């Protein structure tokens, strides 16, 4: 993919966050990677979505998050995105939002359990919440440490990163990822829907537990397993 | 009705789900039947709503859900729809969604009691939740078994399927049906409104019980009974 | 006001309910009165809002709700509206909705207490819920009895009907009224906002009590009292 | 800035409240100050937003809230705004809304604790709720006393007014402020998002406490501190 095409894709992904209602003010950002050149494209910091153009996006190095091309300062969350690309080799896009319900779960320091098939259709297990950050992490290279914490949380789960493409950073909000920037947006949308549904389920039945593991596996596999039969053959799976 | 007209009707029904806010991503599908030819028309699997055209819809057999006409793979829920048409002879359309509040009730394994006249105007009794599926059902022909479970749940209730045109599949979400695909959409919209209202009622008065049976009957019958006086004479009833 | 102008006003009031998000499907209706001719104009029964035109509205008699002019059957709630016009001489418009939060309070059989100044700005006291209807009332002339029940509830409160222009019919939903049809819509919008705010207040502080009576009086009077100083002099008050 | 430019800015700020979904009916108003002339521009009282034009705005004196220019009566909350400008010398704009979730916190007489980084990104501490007003304050010059109460609450907190640019007036709703009218709107939007998120967090974990003070400081300072690194250099900070 050309850099121009990647810029366009990441630009559309950022606008997609707004269209999906996941963004208030300028919270949130999306990025997409070009593994060949070792760079990724990300939203500039603090620029309003309605004034954003593809040319405003910033090209930065995966290795250290430094600016490779672009006049604007990249998102302050750039080091966090960079860690995603370094540690999760299978991914092509990263999204961070402060979406309403997913952030409420993050603020409550609670993982989202698999309470139904909507969850199982998109996420191969609970969406985990991180541990609280230590004072040393907060006072150190904070955004970098946030990335390490997400990677640690995914690795603790023992799953391939694309199997559960989301983490809730405690006291903060969700990061999601995907095969590309658009897929990461799709996962952010699915996460918010699942977070709202789980919130409302617990209001009705506070002690709801995870669904049957066979039902969970059935739904996840019919979309994501080796014998997936959801979507159109030959097309990328629709998460 | 010609096949072209049925395609158009089912196409509009699928878009109607989106316009009513019942759809996130590509969750959800609507179908409509042609009893004469023994077929029904259904949304293809995993195709985004904004790229859908009437010609993308797939014509499948009521008898076994096999494709009769169409280049795309039908919705993975096709066998479930087929069971509806085989077991509920009075219906002409089926809708499945993961709408926010109805799915929360399904995830909470709770039937929606008749807490007010909005419910009684549309549904002739509680909207039942199914029992949990057995491991054998899940591991077997899952979508077919889902259909059987819905039929079992309706039959347990002892009502004509159009009297309570909705079931919540436990841990999953709602299926609704109607005289045609558009009517099934109307019932999906009504169900979501009723589910949200009941959710908020219980937050105020957790031990709310069903409304007086006479009030219930009055509201249901003024729309759906033999002496119905709601809507315009000679027009199909508006649920 | 000419009949054509009244039709237009009531038509706009009905559309205003949709624009304000108070209507799902065809629930809800608005009417407006012409005291000189002893008639009022009301929405036809079960007609979708997007197919409604001013000419579809039905002119009925205040005295008995019979049709004076119009080809369509009037709303099934017509007898209830008629009682409003007969018993509340100061009013010019009536609205009935099944709006989400106000109906939840009605279903919970709870009056909405004055928990803040938004309430006091619009309603001169708690918004009362009716008692449950008796079986005789339900089995009798139901819509007429609903009107009598609303009138009874207002009269029990001892207030002029325009002071608290709303009642919650238990197990059903809200009726509001006003100086004309548009004002009744305004009160339906205010009621829904107040109902949602009170619902969320109780979730935070379940034992919240009514606000200080002096604060209540101050807010109500600055909009509605003899020395009102809200809005523009010489204009009708904005509720 | 010319008076015409200020009118335009305040006009856009008022419309911005509507676009952000913070306004129901005619609740809410925004103002902006011109320190040189000792005046500020504010919305007229009770005028519907869709009929508002920049010329309808009223120019009033900071010193006593009296009208300097304009044919319409200014917002009834004008004396409250005036106190803001007199007591908070660093601010340039004030907004008052009855937004849904922030008002629920105000009605519940609860300050909004810092439960996550979204809060810390915008507000340098809890958003305080005022004490209840005394009967003497209510019966006296009510809107002026509301302003004094807000100032008292901010001063009790010991912070510079722009550090926590919001107060919840108990039993009433939020006032926010900022460097100019647009910034005050931004803070009203952020407050509503934070209020909703905190409401939903407490529903999941009722005893949630404030986030780690180091994390709080890190987020607030990266946007607002002397070494802020969020947004574009040389641009006004984006709250």
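Should a chain be cited, it is by its letter among A, B, C and D, assigned in written order, with residues numbered from 1 in that chain.
Following the convention adopted for this analysis, a residue touches a chain if its C-beta (ideal position, glycine included) is under 8 Å from a C-beta of that chain, and two chains touch if they have at least 3 such contacts.
Note that this is a predicted model, so its numbers are computed, not measured.
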> If we look at subunit B and subunit C, which chains touch each of them?
Replying inline: none
>> If more than half of the interface residue numbers appear on both sides, call it same; otherwise different. Which is it for subunit A and subunit D?
In response: different
> Which chain has its C-alpha centre farthest away from the C-alpha centre of subunit C?
Replying inline: A
> What whole-Å value do you get for the distance between subunit A and subunit C if each is reduced to the mean of its CA atoms?
Replying inline: 46
> How many Å are there between the centre of subunit A and the centre of subunit B, using C-alpha atoms for each centre?
Replying inline: 32
> Counting only residues that touch at least 2 other chains, which ones in subunit C make the list?
Replying inline: 203
>> Give the list of subunit D residues in touch with subunit A in this complex.
In response: 115-118, 121, 186, 189-190, 193, 196-198, 200-201, 203-205, 208, 211-212, 214-215, 218, 222, 229-233, 235, 237-239
>> Give the list of subunit C residues in touch with subunit B in this complex.
In response: 24-27, 44-48, 72-73, 76, 98, 100-101, 103-110, 132-133, 135, 138-139, 142, 171-173, 199, 202-203
